[in-house]
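First the structure, then my questions, so here it is.
Letters are used for the chains, namely A, B, C, D, E and F, taken in the order the chains are written, and counting of residues starts over at 1 for each.
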Amino acid sequence: MDDLLWIFISTLLVNNFVLAYFLGLCPFLGVSGQLETSFRLGLATTFVLIITALCAWILNTYVLIYAPYLRLISFIVVIASTVQFIEMSIKKLSPSLFKSLGIFLPLITTNCAILGLAIFATNRGYGLVEGLTFALGAGAGFTLAMVLMAGIREETEINDVPALIRGTAFNLIIAGILSMAFMGFAGLFSST
Amino acid sequence: MKNKDPKLLLQSAPLLHQELTTPAAMKDVWIALFPATCAALWFFGLSALLIIIASIAGAVLTEWVFTDKEKRRFALSDTSAGLTGLLLGLTLPSGLPLWMAFLGGSVSIGLGKVIWGGLGANIFNPALLGRAFLLGTFPIAMTTWGPAGGPGEFFQIHSSNLALPFMQGHYDALSTATPLGLMKFEHQGTELVSLFMGNTAGSIGETSSLFLLLGGLFLLIRRSIDWRIPVAIFSTAALFSLIMLLTSSAESTTSYPSPFFTLFSGGLLLGTFFMATDPVTSPLTPKGCWIFGIGVGFLVVLIRLYGGLPEGMLYAILLMNAATPLIDRYTQPKIFGR
Amino acid sequence: MNLTDFITAPVIMTSLGLLFGVILAVAYHYLKVDEDPRIAETEELLPGTNCGACGEPGCLPFAIKLVAGDVSPSGCTVASEDDIDGLSEFLGVDAGEQEKNIARLKCAGGKGQAFQIAEYQGFEGCRAAAVISGGGKGCSWGCLGLGDCEVACTFNVIHMNDNGLPVVDTDNCTACADCVDVCPKNLFELRPLAEKLYVQCNIPLEGECVTALCSAGCDACAKCVADAPVGLMAMVNELPVVDYTSGLFTSDKTTQKAIDRCPTNAIQWLEGNQFTELSDEEKRFKART
Amino acid sequence: MSNSFSLGRLFSIGNLFIKGGFSHGVHPPHHKEQTEDLPIQRVPFMKRYVMPLGQHIGIPAEAIVKVGDRVQRGELIAKPKGFISTALHSPVTGTISDVGMHRYVDGSFRMAIEIEADPYATQQFPHAQSSIDVGDMDVGQFIESVQMSGIVGMGGAAFPSHVKYSIPEEQEITDLLVNGAECEPYLTNDHRLMVERPEAVLLGCEILRHQLSAKRVAIGVEKNKPESISQLKKYLTDDMAIDIVPLEVKYPQGAEKMLIKSIYDKELPAGKLPRDIGIAVNNVGTIVALADYFEHGMPLIERIVTLAGPGVHEPANLIVPIGTPIRDVLDFAGGLKDETREVISGGPMMGSPIADLDAPILKGTSGILAFTEKETSRPSEYPCIRCARCLEACPYFLNPSRLALLGKARLFDDMQEKYNVMDCVECGACTYACPSNIPIVQHIRTAKDNLRNRKTSQ
Amino acid sequence: MATDTTAYEEMIKGLWRDNPVFVQVLGMCPMLAVTNSAINAVVMGVATFFVLVGSSFLVSSFKQWIPKQVRISLYIIIIATFVTVVDYSLLAMLPAIHKELGAFIPLIVANCMILGRQEAFASKHNVKYAVMDAVGMSGGFMIALFALGSVREILGVGALFGVDLFGSNFEPWVIMILPPGGFLTLGLLLLFFNWFTERRKQFLGKVAEADRAAVLGVDKNG
Amino acid sequence: MTNLKEISIQVQEPGSQRLIISMAVAGFISGIIIISIYMLTFNTIKENKARELREAVFKVLPDVSSMQKLHFVDNKLLLVKSDGMDDDMIFAGYDTKGQFIGYAIQGKGPGFQDTIHVLYGYLSSNRTITGMEILDSRETPGLGDKIFKDMAFVGEFMGLPMTKDIKAVKKGTKSQDNEIDSITGATISSKAVVRIINKAFNIWSPRLPQPGNEPALEIEETKKEANNG
């Protein structure tokens, strides 16, 4: 139980997927312009992460013991297809949600956070429950980073940030500062 | 041309303005920091002075170099860059190589202010950003604390202060632990009187609670800072540490300090009165200020008790700074009649 | 292990491929959203600036209307001719007659022509000045010259000249109507480039009242109306109005006389840009090179 | 002063500790000493008068005279055109010299009737109908009568008063609120009116209360006008259902919603009119104009104007015929000092600058204030430091800091959608309080203007 | 012949003008994650090069047979195959570096740049162009990786490719090899890139201005 | 301008079979490629891994020349041959004569930044730790990474008696046998290492057989590779 909590806190704050592991930067830098969208993308990603953890566990326990060398390719194929399937369902069931996430829905599939989760979870030998906790922590951490970033970016949108600086460079610097602030969580619950 | 009258001006009403101006607000903070700065000099001697000068120089020079030519004089006239330098200087250890203090000052302003669009546009507290950068960059130098001396040692300068740029400082042997470090790693308290007067190890400006309180009160009375933030931080931090103290079990490996220790140790006072309340980086709305203060109070105790670092004020404020846009957005006051 | 592995790997992969091929195929079959595939393709062919110049909130809605046949490809003012041809070829419709519209300013009273009665002091912006008792310009219909239109123009083709008048780069103006919307004095109008006879004034006063306010203003002397082919022009609200629907307007300058006799040059024959951005010196430079 | 220590603000968690007042607001120095003791004076008649046809919100009146016509003082020269429109009467006896475009105070040109005053005619009001009997008028007649009197609100907005009095069937007015707050610095016209003509104020209240079938009348006066309060109280008799309510001195106490909050402790919902909660609000000037009309049959042809500010030679409270060119009024008071830089109409907090001194005094002109270099040279503008002083000043609980930033970035839609810019009444408290000298109100005005015009164009 | 030069241009484009990192801002994750030392950056660059060139080649060769609906899945299968090849090769040949790069070799699969190139270019052009484009893009990626990796290593450790540069007394900037350093360095690098392009533009403008002034001056004299 | 013909080709809806078949074919081909590269590199990789592990084990258990992996199942230590590693595995080290010497135990736990993996050697006969090696960590360079770079710290674990839990104390205040001088500036990482060792030890000490009952060395092949490793 303690371990689960630590896995969660650690991926949420200390080893935040975006700010410490550099996973999922494309949506983080691309879609974090608007709070609303960021939050939804965060939720969508969390959802996909959980699906991923499930898929990874199933593959690890039932398929990959026979062919460990297929790990990468089966992960990516299974995850990509599953997500594509979900994507189509969303498109069918809630066109508005589909629209608001726009082109980035397909990008969630190829977001490294997704594959990263599967690979990290396997490397660390997580079981099903641990894996799901990990996914939840990662998703929550991703959403947290997205939302903070979006808040900051919306705020700076109306300030007169020098034109030269505005753009990706600026977003990266904000991310760097955020990541610096998150260093404050280092060692949380592991150092007592 | 029809110029029968002295050509009349068309200016938007109101034509009346209250007397307070932004540079005057900054001046208040300088005044409020004066006692604490004097205490810093008293306890840490010339080293402290040099460090403060170096960080102010770094800050002001950076502001000078990177602002538009037309805006330069104007940008410096509000003295906020110098203030950032001073505040950064007060959060540094006395033995820090001067070049690091200078670098910290310029990172404060460069990364913390200029790129955001100058005064008022930054999300993160520049001084703390500078400190966070220094702490992450030179963790050893930034956590090597010289002991508080006294007027007797006023003219002693740490040899490490004078390290060449980009080179390591050589520490004159003794380095001590801060009250918070002692608490966290040695489970050892510090007397409240020392905390109050300030003859403990620590950042040059954070040790003397008494003088910080004086400055804080001055700002509160002058209404230069929002009273809600300090109140929220103090009460949350005290309450949270009290709860942890009361509910802690005997065999726990964490040492739970008393609420008084929590309030008067480390940078809590300095951070609360002068940094968390930085108007630019704290929420606008009254409700937002409460949330902000509660957040800082909670995080600081959380990090102190369970985090890797003995002191959490820096990160608590920076993290809440990051959340400020969100807080502001969701705590808009209820509009009259809506 | 060797041989079996050589079999397991392809088998697993093939079955995975099969499995997901089936799932996706089924999904396509059952979850397909009934969306015209041409919409996506059409959107790809559009410039994607989402500028709204076509009057739709963005390129996708425009694409939807295009496919539905509600609008013609030339409605997109940003797309190059090639793009539009491509679009029409793809959609199999006619491109529609493309008539280039541009923004024209109903005022020529810059700093040198129109008089100020008071001095506006505040932040730059025409509307900002207009709300402070009109901004101090003597003619309350004229251009304030503080450049709201310059800021608003999405395509950055408006630039304020030294005389304090906005110069619209006729070649690049997409008729997106940003300037029309933003001008607090409602001075911009979108006009076909072909309508070259143009009255550059907006003042509904006449006579000395006008000349006391602005040396470029139309003082409603009606000489132009008298000199133009009968029926082409008329005075409305103290301003001459050219009736392009009358069929009397020809691009040979039969109206030259009307223009020549205007005492204030308020009526002009416009070939390209309405005002020049260049000082005389610059003009000479241009002429040389 | 906003950095003066005020317990109320220290504990302003919502409205918990404040009763009988409104939260937020500012305390500008009121500068009334210049004119508060100066009795109201009449200005002599001038040569030329300009009566713009539209002096208020709504539809301009329609001229019924033509060039060359002779008109009597008080004679109808333009009749209302539609419901939200009022009549216009000649302020002088003379000849119509023009019906055309004339400069208006806001710098624009508007249709106006120009009258050449007849120097030989006695400029007396012909007491044709010495008084109008309101006693047996029904509501419809009363409203029509007010419309024909040309009376509009004298509190600043110049809203046609008869519109306010036409209450829909399903509503009823229980309270009449008379606004004698006069919270704008420098202005003393309402104050002098209450001091010099308290009977007229009380009489007007009674007439209107009767006509609106209201139960009670409250006259709100800021505490810094003790003389007004005592004068009104002196003439108050027991049979009048009138309360004189002294109010906290705080800007903008006189704003309709703040007044209602202070006196009845009710928060007028946004988008609602006072009549929706059973209240009718009128300025004391309006009330006196009503009294004059029904007592003496005098339509609205003149008003009291405060002439003050550091830029005028002889500050005064004047009765000015409507239509008098501002320049003439100023000349009467000794003209402008040389160092005058800006002349505004209305108070210093909300008034608007005058671009052309030839423009006329209007029905809604409560004051003409002249300011010199000292007042108009503002300290330089600094960036917003998010100090929240503007938030603590705004009586409407808006977020002026954010509005100004958005305004600067020209994000007008956001200003409306997220920050309700249209709820701003442009009181100027935020701008007064801002240490960075940001012209917040101007940003807001610009945005509102933009939003409004966009609405109409689409 | 003409096609040759254009194919060549396609390649050059990726190196600088359309640099995937500095201009298109793609593939940030591996970019930041592995650049805490120059050698890691270079190895990552080479791996990406191999994968991108290989998969571009395959995709453009087989583009006619790829059904639109499953194209993404197929691209991914192709890419993943190449990545697995790289992964195992590195594991066999350079186990130490493989350990450092950790999970980021497999994560090449998810590098948006690679998939993006398939979608945007390889699937629409013939093999030659596709390969040249891939070479250019991965070359540009490598340049960026190397730039970032060397800056971070030089400041963060005081060394380049493990060779000590400043002597033992150098105070390393630890943050440079920590996550914030990655973000900040890349941000500042991009800033510098922007600034440089801007300055170049201004400079060119000034040159033109000077030319013009010269002409005018002649005019005046004449 | 995108080629219009291409678009119209793509617009046509391919049949489901084509879709499925292309997936299957791609899967098939990629399976073959992957298995080939796997086979090609299999031995090298295996050797690399084994060598790495051996080196680590030999470092923490000096005087050992061969080792084997044991698995704790059904309350017994059994020999395993698989490459996999999990928490229930332990290494037994033997000298040149095949005589049992000690165990190499691995443990992991949270450090300052992330999980730290530790391997340490343990002599059950006299209950001492013979050495410690950090297999994996992400501790701060220059600070936390001293747990494997600072030889003084690593050296403290050689011959450390394990009669009761070890303790990390502030540098220079070591007063008892079971205490370890922490690294200055990296107290947390030092403590983490100690904690991980204690935790692993507390799990394993009841599982280990009585001294003398250790399983005998069965896999000889490791021995000769150890010599060239």
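The working rule: a contact is a pair of C-beta atoms (placed from the backbone, for glycine too) under 8 Å apart; a residue touches a chain by one contact, two chains touch by 3 or more.
Small disclaimer: the values here were computed from a predicted structure and weren't measured.
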Those chains that touch chain F and also touch chain D are A, B, C
Please flag the chain sitting at the greatest distance from chain F, going by CA centroids.
D
Going by the contact definition up top, give me the pair of chains with the most C-beta pairs touching.
B-D
Could you put a whole-Å number on the gap between the CA centroids of chain A and chain D?
59
Can you check how far apart chain B and chain E are, centre to centre, with Cα atoms defining each centre and the answer in Å?
40
When centres are defined as mean Cα positions, the distance from chain D to chain E in whole Å is 67
Centroid distance [mean C-alpha coordinates] between chain D and chain C, Å:
42
Touching two or more other chains - residue numbers and ranges from chain A
20, 69-70, 73, 77, 81, 84, 159-160, 165, 170, 173, 177, 180, 183, 186-187, 189-191
Where in chain F do residues touch at least two different other chains?
2, 19, 22-23, 26-27, 30-31, 34-35, 38, 112, 140, 142-143, 188
Chain C: which residues touch two or more other chains?
5, 8-9, 12-13, 16-17, 20-21, 24, 28, 117-118, 121-122, 131-136
Return all touching chain pairs.
A-B, A-C, A-D, A-E, A-F, B-C, B-D, B-E, B-F, C-D, C-E, C-F, E-F
Using the touch rule from the top, collect the residues of chain A that touch chain E in their complex.
19-26, 29, 69, 72-73, 76-77, 80-81, 84, 106-107, 109-112, 114-116, 119-120, 123, 164-165, 167-173, 175-177, 179-180, 183
Per the touch rule, the chain B residues reaching chain C in their complex are 1-2, 7-12
State the interface residues of chain F toward chain C in the complex, per the touch definition above.
1-2, 4, 7, 11, 16, 19-28, 30-32, 34-35, 38-39
Quick check: in the complex, which residue numbers of chain C touch chain F?
2, 5-6, 8-18, 20-22, 24-26, 28-29, 37-38, 41, 44-45, 82-83, 86, 89-90
Please output the residues of chain F touching chain E within their complex, sorted ascending.
2-3, 6, 10, 14, 18-19, 22-23, 26-27, 29-30, 33-34, 37-38, 40-41, 44-45, 48-49, 52, 140-143
